Amino acid sequence: MTFNKVLIANRGEIAVRVIRACRELGLKTVAVYSDADRRALHVRYATEAYHIGPSPSNESYLQMEKIIAVAKKSGAEAVHPGYGFLAERAEFAQLCADEGITFIGPSPEAIRKMGDKGMARKIMMDAGVPVVPGTPGDRKLNDDELINAAIKIGLPVLVKATAGGGGKGMRTVRDQAELPGAIESARREALAAFGDDNVYLEKLVEGARHIEIQVLADSEGNVIHLGERECSIQRRHQKLLEESPSPFINDDEEFRQKMGAIGVLAAKSVDYVNAGTIECLVDKDKNFYFLEMNTRLQVEHPVTELVTGIDLVVEQLRIARGRTLGYTQSDVKMNGWAIECRVNAEDPYNNFMPSTGTLNKHAVPTGPGVRVDTGIDTGASITPYYDPMMSKVITWGENRAQAILRMRRALDEYKVLGVLTNIPFHQNLLSQHRFMAGNFDTKFVEERFSMEAAEEGKELYPEMAAILATLAEHRQTERAAHIIRRGKRDTSNWKWVGRYERMHR
Amino acid sequence: MMNQKYITTIGEQQYTVELLKDNKVSVDGVIYDVDYEAMTGQQLVSLLVDGKSFDCHIYQDDENWHVLMRGALYTAQVEDEREKRLKAAAGQASDEGGAFTLKAPMPGLVVAVPVNIGDEIEKGSVLVVLESMKMQNELKSPRAGKITAIEVKAGDSVEQKQLMLTLE
Amino acid sequence: MTFNKVLIANRGEIAVRVIRACRELGLKTVAVYSDADRRALHVRYATEAYHIGPSPSNESYLQMEKIIAVAKKSGAEAVHPGYGFLAERAEFAQLCADEGITFIGPSPEAIRKMGDKGMARKIMMDAGVPVVPGTPGDRKLNDDELINAAIKIGLPVLVKATAGGGGKGMRTVRDQAELPGAIESARREALAAFGDDNVYLEKLVEGARHIEIQVLADSEGNVIHLGERECSIQRRHQKLLEESPSPFINDDEEFRQKMGAIGVLAAKSVDYVNAGTIECLVDKDKNFYFLEMNTRLQVEHPVTELVTGIDLVVEQLRIARGRTLGYTQSDVKMNGWAIECRVNAEDPYNNFMPSTGTLNKHAVPTGPGVRVDTGIDTGASITPYYDPMMSKVITWGENRAQAILRMRRALDEYKVLGVLTNIPFHQNLLSQHRFMAGNFDTKFVEERFSMEAAEEGKELYPEMAAILATLAEHRQTERAAHIIRRGKRDTSNWKWVGRYERMHR
Amino acid sequence: MMNQKYITTIGEQQYTVELLKDNKVSVDGVIYDVDYEAMTGQQLVSLLVDGKSFDCHIYQDDENWHVLMRGALYTAQVEDEREKRLKAAAGQASDEGGAFTLKAPMPGLVVAVPVNIGDEIEKGSVLVVLESMKMQNELKSPRAGKITAIEVKAGDSVEQKQLMLTLE
């Protein structure tokens, strides 16, 4: 299981993240890239880089055979899948195994078990892990059975696709009369999205938080947890901001260890190896329920790294090389507080519409307590081919208040030109009283937050904005006029250039 | 010589902005000392007003300037005072009139077109659902009106700025 | 002593560093700037910014009266001096006091006592702090007295200016016959540099390391130390790389506490308040000697911040507001290892010649364990007016090896175009066996290191460099030809452009 | 059509570099697959050679290309093969001959000029000590020779590229 060269079957910030960890262990790295990514940082930072196809991911990053071919050609003995793309495809893990390549992740069997939401529910229930009340999920129920089950569970319920993910094939039902229609439409959507119309039911946990447990498991059967992450700040089932610890758990160490122990139990029940995450719903009475297990590194892993001091990717690589975990449970101490904001190329003032273009500036914040993970650089293009996440800004503080304050100043410093970003969304969120008080659930962003309302409460400077816009317009007009007049002596009152520009012209 | 007096509108508020000598600017008669320093490609501006420092991002679309300043967005319309007066004299021409054409804001896949030709729709109605960057985006109507043409259907791939729909 | 608005009487990375800390405490900030700095980050990040004069520092950043006038005009109730410029001018601290402005630093009296090297030696000796054997330094000795003293101390000795700093007015004497000439020339240089020809003698400690102790002292008399920093990597008395802990002390906790206690004693002996540093020489037998006290924040303070988790500038502000220290000695725990590299605009391949110009790229490294402190941005100019430090890269690791590996990858990622930098120096240093073994003293860089020798040991790629240079030359020739031919149909074999450029032309 | 064959010298080593079709390059007969991607202002280049990735900084002075690659500096002279042959035919012209003029590499203050007109100096001798960026910088002679002119003295302020001294 030893290896010295790792192929990273991914792109963007996570590919760069893995390359950095490999470098620190003295491992060589192999990047793969599509047409759109020739200039990306993962290509430039890797020891080797190979082109694998056109920009659309199903012609490049999802091409298992091409990626395996690059691994063989370059002599890479291991593959790190990152997250997304092939990370949770059991057949890819299997293909690697068949080709004698170490897959840096769990067994195909564990991926398969956890990938089927119904099966996963069944395994967890059998192992004694609490799951949201609902149908067992390990066998297909017809519509009548589902309706009867819903009455037994009690409304409201969620209808969910067993093959599901990302909110597809999911329906909330509050009224019994809506049930048949919801089941039918969920089945239709699930069939279209996943090629499988099987659905199951879960009781809707109201006012719930999304809290997840990070686990690490080595091939010797040692399993530890690294505490929790709070991920309730979501929009359309996409996480936007995560933190560790959860403000809801805070210093309730007993509850943390209880959740952690369940996370360890869940991992052991599928003989899990490598880094994984148990996602839970936690209600206001601190009842918690298994939701699903992500059998890979999470986008939000850095918040755990900053509070524990443990490099999760380094541990993944260590585990994949067959070594014993570098830590025991008692080594894991949570120190301070960390927050991550996902910076997406989308317009928060226009319904979070994705924004594409070329970055003529990408100046990331720096300084004390600030970490940025990104795969792009000034000059990069944000294309419509991939998800809109440009970077992650992660701040650490001695406590939650300091982490929030550092995040606010980091976001103020972050300058992106060429596309619109959701930075203003985060800035507004971070100054909301409810957020600061840690008082939110998974519906907070969609139901209780609006950009307009958030900005009303701020100290505003409309006169300054008026001055700026007017000068910008004036300068633009003057520039246009200046070009026309070029060659003639400049007699206009061309005075609205800054002192520095005059000096350096 | 250009006119140095502008009417700048932000939200409901109109400001009379006059550019004076020696880097001074008057806003509704209040005079400020202004140092405007364009950084990268004119979009990043360091503005010092009476010593207050504002690190701003400013960008433009067809009609408006958008200013991101200390974490808030301001949308401003700047009009030359003379223009404005001429326009006023000619009467409110056609702010409401004319067709609205919905163009694809980015390349993508049309997922749904939940309207039909002839529909009378409200401001904010969803016109097209476009999938791009692995997300479904609802393109909404900026005003009420009647659908007069639909150029795309579910399943179509569209290029950026491709015409999708017309509203009158 | 309470204040809500702080003027930062400095520029560059340290001005930005202080502004960031103020923001986190909700304090408003006032920047001052010279002509050359209109576009600098400290101007853009501050709440307010005022122009104070032309680019040369004696016409701007050293103009005490102008700075005080800005403080009054803007309503700043406190001044942070950073390091350099006015930070150790007792008369500036006094001027602030006279004007009712809080000086964020020690009393003028403490600055004065520690600023006179001879006086400081005397005070330390009286307090029981070990100093390098030598002349007392609190009275002027004539040449004959110095020669007699030198014989008593034993050669080799250092002749040093009492008003000295930065290696000026300093001579090493190994041979008695050289003594009169050395004293004379040291006096001459000291007179020219400081307006004072007084000199004193210190025994030369051979093979010594430069190790310093960080202290924090509040106005109630609480004084704690935050462990040590290793600063032996120097060139011409300029520190280039610092770390905490010192590899020489490493896990000798007893020695650390012994040095720390002496640091606390030294601070107490001058009723020190705020952050300060006791610089020591440590010989191979772990004898240590007081060298001088820096009565301000140090450039290298971040390495202490990363291993202790304590924000030194936040503590400075807290102390200046009259609060009790936020930590007791037992709260201070050193966790992991931190290294700082100072990135200077200078050419390490050409005798470290300073390099000036406009940065058409300044892309800083990011990611796990990497912090960058800087005051500049792409588009900034490096001018000859100020010192050549552009930024500091600081890495943290669980141990020294990880910190070094992270620093190597951070420096590989750091891209600066427009000026030359000393990044290649750091890259070469970090791969030297002696450095990695922690086996170096203050003479290491000057006597045992050369860029050429360091690169000989590396894995080299001259064929790749030949390909790159040839293609660059070819493209340049083709571009020139292309411009001449413009308008005609392009029939040349203009093929040496990348795939991406062809796609996007 | 341009000549596609170059002689490139790094240190003591000469390489014959030939640019072939289809992004292939031959170095002394060994053929490589090369993808050259200029990033910012031609100075930052992502070079892929047979899949190996090199993130390089390349810059130029009067005679040489300087390549920073994986933490080491390579200084290369690139000559068109035809030029090189012509030069060789004309005999080693004048590498040693001609005057060397020392120009100020940056603005600064002359601290000392430790040589005099008529001095015969060694390669590496200090010609001028220049203070800039708060540091004293020793400007050394690139070769042996005789000082024929000195244009500055201690205490002078000099501009960048100002002539300071001539050596023959």
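Details
The first chain written gets the first letter, and so on, giving A, B, C and D; residue counts start at 1 in each chain.
Everything that follows uses one rule, which is that contacts are C-beta pairs under 8 Å (C-beta built on N, C-alpha and C of every residue); 3 or more make two chains touch, one makes a residue touch a chain.
This one's a predicted model, so the numbers in the text were calculated from it and none came from an experiment.
A comparison of the C-D and A-D interfaces places the larger number of contacting C-beta pairs at C-D. Rounded to whole angstrom units, the spacing between the C-alpha centres of subunit B and subunit D is 52.
Between the CA-based centres of subunit C and subunit D the separation comes to 31 Å, rounded to the whole angstrom.
Work out the mean CA point of subunit A and of subunit C, and you get 38 Å between them.
Separation between the centroids of subunit A and subunit D, computed from CA atoms only, is 48 Å.
For subunit D, residues touching at least two other chains, in rising order: 35, 37, 40, 52, 55. Residues of subunit C in contact with two or more other chains: 38-39, 45, 361, 377-378, 412, 498-500. Chain contact topology: the protein chains form a pattern that is neither a line, a ring, a star nor a complete graph. Interchain contacts (touch definition given at top) occur between A-B, A-C, A-D, B-C, C-D.
Remark: subunit D residues 1-2, 4, 6, 8, 10-11, 13, 15, 17, 19, 21, 23, 25, 27, 30, 32, 34-38, 40-45, 47, 49, 52, 54-58, 60, 65, 67-74, 76, 78, 105-108, 132-135, 137-138, 140, 160 touch subunit C in the complex.
Against subunit B, in their complex, subunit A makes its touches with residues 236, 238, 345-346, 349, 351-356, 360-361, 384-388, 411-412, 415, 417, 424, 427-428, 431, 451, 455, 458-475, 477-478, 481, 492-493, 495-501. Within the complex formed with subunit B, the subunit C residues making contact are 30-31, 38-39, 43-50, 73-74, 377-379. Considering their complex, residues 16-17, 20-21, 23-24, 26, 35, 38-39, 45, 302, 305, 309, 311, 335-336, 361, 363-364, 366-374, 377-378, 398, 402, 405-406, 408-409, 412-413, 498-500, 503 of subunit C touch subunit A. Taken together, the subunit B residues at the contact with subunit C in this complex read 35, 37, 39-40, 46, 48, 51-53, 55.
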